[in-house]
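Here's a structure for you.
In this document, chain identifiers A, B, C and D correspond to the written order of the chains, with residue numbering beginning at 1 in each.
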Amino acid sequence: MKVEREVTIAAPRETVWDFLWDVPRLAGCIPGARDVRTIEERKTYTAVVADKVGPFKVQFPLTIEVVDVQAPERLRVRANGRDTAVDGLVKVDLDVTVTPAETGTALKVAADISVLGKLGTLGHSVIVRKGTDIVDRFAQAVRAQLEAKA
Amino acid sequence: MAADRLTVVGRAVPRLDARDKVTGAARYVSDLALPGLAHARVWRSPVPHARIIETLTERAAAAPGVLAVCAAADLPVKRLYFGPAYRDQPILAHEVIRYAGEPVVAVVADTERHAQAALALVDVRYEELPAATSAEQALAANASLIHPEIERAGHFRDLSGLRPIPGTNVCQHYAYQRGDLAHALEDADLVVEGVYRYPALSHHALEPHCVVARVDGDGLTVWATTQHPFPVRRELADVFDLPLAAVQVVVPLIGGAFGGKCYTKTEPLAAALAARVRRPVRLALSMEENARTITRHAVSVVIKTAVTRDGTLLARECDVVLDTGAYADIGPRVATKAGYRAPGPYRIPTLRIDAKCVYTNNVPAGAYRGYGVPQVTWAGESQMDVIAERLGLDPLALRLKNLLKRGEEYVAGDTPIDGDLAEGLEQTARAVGWTAPLARGRGRGLACAMKDGGGTHSTSTAIVRINADGSVDVLAGSVEAGQGIRTALAQITAETLGVPFASVVVAAPDTSVTPYDWGTSASRSTTIMGLAVQEAARDAREQVLALAAPLLDAEASMLTIRDGAITRDDRTMTVAEVISGHYGLVGGEVAGVGSFVPGKSSGSLGGATVFWESGMGAAEVEVDRETGAIELLKYISAADVGQAINPRECAAQDEGAAMQGIGPALFEARVNDAGQLLNPGLIDYRVPAFTDLPPTLETVLIENADGPGPFGAKGVGESGTFCVAPAIGSALTQATGVRLTELPMTPERVWRALRDAERGSLPPTLK
Amino acid sequence: MKEIAMTVIVNGDKHDLTVPPHETLIECLRDRLGLLGVKKSCDVQVCGTCTVLLDDRPVSACTVLAFEARGRSVRTIEGLARGDDLHPVQAAFVEHGALQCGFCTPGMIMATVALINENPRPTADEVKHYMRGNICRCTGYKRILEAILDASRRMSGASAGNGR
Amino acid sequence: MLRPFELSEPTSVAEASELLARHGDAARIYAGGTELILAMKEGLVHYEHLVNVKTIPGLAGVRLDAGTLRLGAATSHRALERDPLVRQHFPAVARMEADVANVRVREVGTLGGNLCFAEPHADPGTLLQVFDATARIEKKGSARTIPLEGLFVGPFETCLEGDELLTEIVVPPLPSRSAAAYLKFGFLERPSVGVAVAVTLDDGHVADARIAVGCVGPVPRRMREAEAELRGKPRTETGAALATAGRIAGRAADAITDLHGSAEYKEHLVGVLLRRAWDQALAAIDGSPRR
């Protein structure tokens, strides 16, 4: 499932780019993320993301790897994690681009999310909606953080 | 024997299994219990392509009730790979995972619940690989090879000539050409071209695959939901390096098949686990697991037809691509047949056919009722309607003009056409009221198709035993999957022997008891096993008459048998009296043997077609232009059965096939998202329901006793699925003016087409 | 885990059982009582092969919990025929050839018995609506419809009472 | 295959509430199980305790008092479908109930269970909203009543506190010269789009129009902006207003593209079903004796 969100942030491009590398704070923008750890600076991180749809609760220990960096405009990361309780698997390919806009900086978040295993049987509609919602909240949170800062 | 003299054949006698099936007494593999039975569950890969790093099974092995946790390396087998065409499929994924849903680890426990619970403790570490989850991706120049090398299985004669394309993911390439294409295209007044798509389907027979396996001193016994007990025996013998005689495959009643239970599926796994835990093991799949075991090929057809102004077909080009998934299963043969059948039942001097069977990282695709015909017929017959429209001809007239006639050759060297296709199509058109005026918003369409029936180079053997009390045992390896084969064989036996139908019992297939049979598929059993049984019955009949002759002071040729009584003029003895009279005790028996040996052919299939299974269909629909919903008001199906052994069951087979065809025509399809099956179960995968039964559903049986089978019979059961989609598609066009090229014709697709048409853009096929 | 002691009448016979709360009715009927005519297929209440009657009402044995049968009567396909004579619905299914592989048949017949109990002379559309949740992959439903309409005719000819 | 769990069978709402409070997230109300047991069999969710509320006296049943329909939360769909009072006074509700899932699900599934499981692809929550139905929610020592639409928070999510139970759905009668209708569309097992309307006429004008849309969005919703388009219009001149209302409701439905179809198509269907339901309701008014 592919989701794209673009927000314009009232902050200079460099500020936005640097924020992307402030991993703990960036991860803070991912709904339900905690325990962010740096395994290898600018390469590998881990975090635990917990989320729920009504009574259906999942908890993914995620491994986040930086796939490609084109400073200061493009960052591609891949996150992987398995929930053993419900035997579910998430894969997220995140493609973040930062481009100058008239009123600041345009942050484009393109996510390709797959929910595999048993969790997939929860229902396509629910997963599509959830994925969209998460990307939405992530983009909004990044803006909020930066504009609060600015 | 003329039809009017038949006493049992041609009558709608009740099914032998009807009573057991309505009282709940009928027993299926899934009902079988053995002392000490253990239960297996399977851990399946969530990802479509990966390299296995390690399988962590210790925690699962320590769970309550667990007897064994096996990865590929833990299986006590001599050969890990199996498959009817290529030995390309591992019993459990070995080193590489090739599709999402592939079995990787198996857990055996004392109860199913314990096995299920332990599954959650299995952990498999793997490294994902790029996946090709469509034929297009797998055919791309840069696509990585899903099977760098493949080994031919050598099970079937017609598969000895498989032609994979080295260095690609194409595991079978069928090519056929005749005539001068360039000329034909020049001479044509009209050339139409189109691309048609048919979705992958799930069989969803109501009884999911189930296997019970036991290993003991005598060897291996497997009770399986398979349509192919003998090929399965052969594969198991290979897997365990046992002589065929040491492997026993037993098939009681099975709860539907439709091709999904062809060839070997989970039998080797269950057997290997039984060998591992030294207890009988039951492996029962869920319906969702079934959908991850086997599918119907998604097919794309690029088809181009050249015609003259008067509608004479000059040439046809078909490029057929089948997505066969991660393992070939019987896909290569489906591709060959799809290619062979792609031109349709017409007289076309010039042809260029190219069919490719392509490995992808999807669930393996194999046999499914119709075996490629519904897919290519959707393309070919839809295009016939485009031609009729463009030339301003009546679609019926266009077809009648070009249909092959009895005695004509479809392909040089193959069996000539053995039926009257035009008669079938005309009867179908009459039944649907082809020329009657249509209400507004309604449309009618028809289609016809044909397949080489009976399977290429297949054989059957049967034994008919007359017992001392006059009752009769028929030993035949045909599987009763609902089609009524046991009843048909009993009718053929009773008719041939001259004994009461009620005195005949047909045994369940048991490779240690019933003689060899190639398999229950390709609409072959009534014709081919029927001939073997008829020959066995004749043999037994001659033997019993020979025994009776001295007792009745007569030549055998002077004697007749009717209702189990052997008569010479005024003297009569029962069959029972003759046999016990001969042996001098209340015992003994007479056993007859019969077999069918396939003929040779110079045709491109490499085997002679036994009979031509033709089917015609006509539909009347009403379309809700706002929602796009198509309501099927009337469907007429015609099947050329030669001679119906049991008219009620023949018609029932055809009705059921037609109804099954309504699924992919209107709503049925697997949804594949980058290798993930989004609708494995019946909540999101819609099969035809009671409410989909049209107000009128009729079957026309064409009976000219012109088949090669017993009493002139031909196979039936698949043809009803051929024409449903194109007939409905053409009815949709007549009702609305729009034409769809991709199935299913869901309300949304129809709505979009209608909206595009209103916006003035042309339907795709006419671009 | 607290098990539940219950008395249940199954096909007319009284059984005193103790079942765990998580036991489904189909597990109870097949594994405890050996009523193998109750078939399991989709396991999500869509296909209807596991249809049995709980106090004469159709339910999916695959999903209804066994304890729900506490103090109630359960009827399965095994409980229809009286000795050698078939229930009229069973007889109609045989005569109309309303079965092929037979895997849906027990559920199909039990649902029909329930339908005719409620509605002795259903129309074709009423039959289709009531039976929508019973899937048959073989027959195409036509002969099943004919069998059901015929059975309802015969039974109302006799008594439309308790489905016999 | 179900994992073991404990079953409690309280005999009062207070006792049930206590059990829920005591076990917290480990407990869930069991009111029929047609959805819950499927999810548990699939292993998507597990509870150590199920609290069977069907054993609570008075929690099931249909009452009509002063024209208001009072539905016990543990009343089965079949009971509603077949209840003479519902059929006579709230025919649209009976018709909707008669078309929920299949007959076996309706026998076992309860109205309260359906509403509280909040599976988005469901029917009752949509139709009942156009009656301005309310939900009575109780826990030990207290009770509250909320508009039904307030019950739904998100997919599979309601506003119920951990120790609260939905005990009753109260359905007020529509004014005279009113009728309701519910239409759904879809080709999968669960409906893809559901639209409910309730229309009240007053000498040839639309005195009131209520519209609810379900299945399309995360929760079934009233479409007040769309309703406003229709209120006050002469009944004979609602064509354009219905089209506008349909577009508004379609957009407001918050559709997504999934197995049921594209968002665009679902939005379109909302408009189609709205107009058809509207016509059905008007026909029902004209067909019913003036009160």
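The rule is short, and it goes like this: contacts are C-beta pairs under 8 Å (C-beta built on N, C-alpha and C of every residue); 3 or more make two chains touch, one makes a residue touch a chain.
The shown structure was predicted, so the numbers you read here are calculated from the model rather than taken from an experiment.
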Pair of chains joined by more contacts [C-beta pairs], C-D or B-C: B-C
Intercentroid distance (Cα basis), chain C paired with chain B, Å: 30
Centre-to-centre distance between chain D and chain C (centres being mean Cα positions), rounded to whole Å: 29
Inter-centroid spacing, chain B versus chain A (mean Cα positions, whole Å): 47
Gap in Å, rounded to a whole number, between the CA centres of chain D and chain B: 44
Contacts with two or more other chains, residues of chain D listed in rising order: 3, 43, 189, 259
Shared-contact residues (touching 2 or more other chains) in chain A: 87, 121, 124
Touching two or more other chains - residue numbers and ranges from chain B: 120, 671, 678-679, 681-684
Which chain pairs touch, all of them: A-B, A-D, B-C, B-D, C-D
Residues of chain D defined as touching chain C within the complex: 2-7, 33-34, 37-38, 41, 50, 78, 101-105, 107-108, 189
Chain D contact footprint on chain A (complex, rising order): 53-57, 86-87, 118-119, 121-122, 124-126, 128-129, 132
Sites on chain B touched by chain C in the complex: 12, 14-15, 17-28, 30-31, 204-208, 253-258, 286-287, 481-484, 648-649, 652-653, 655-660, 681-683, 687-693, 697
Complex contact set, residues of chain D against chain B: 1, 3, 43, 185, 187-190, 259, 261-262, 265, 268-269, 272
Contact footprint of chain B on chain C as seen in their complex: 35-44, 46-47, 49, 76-78, 80-81, 86, 90, 93-95, 97, 99-106, 109, 127-129, 131-145
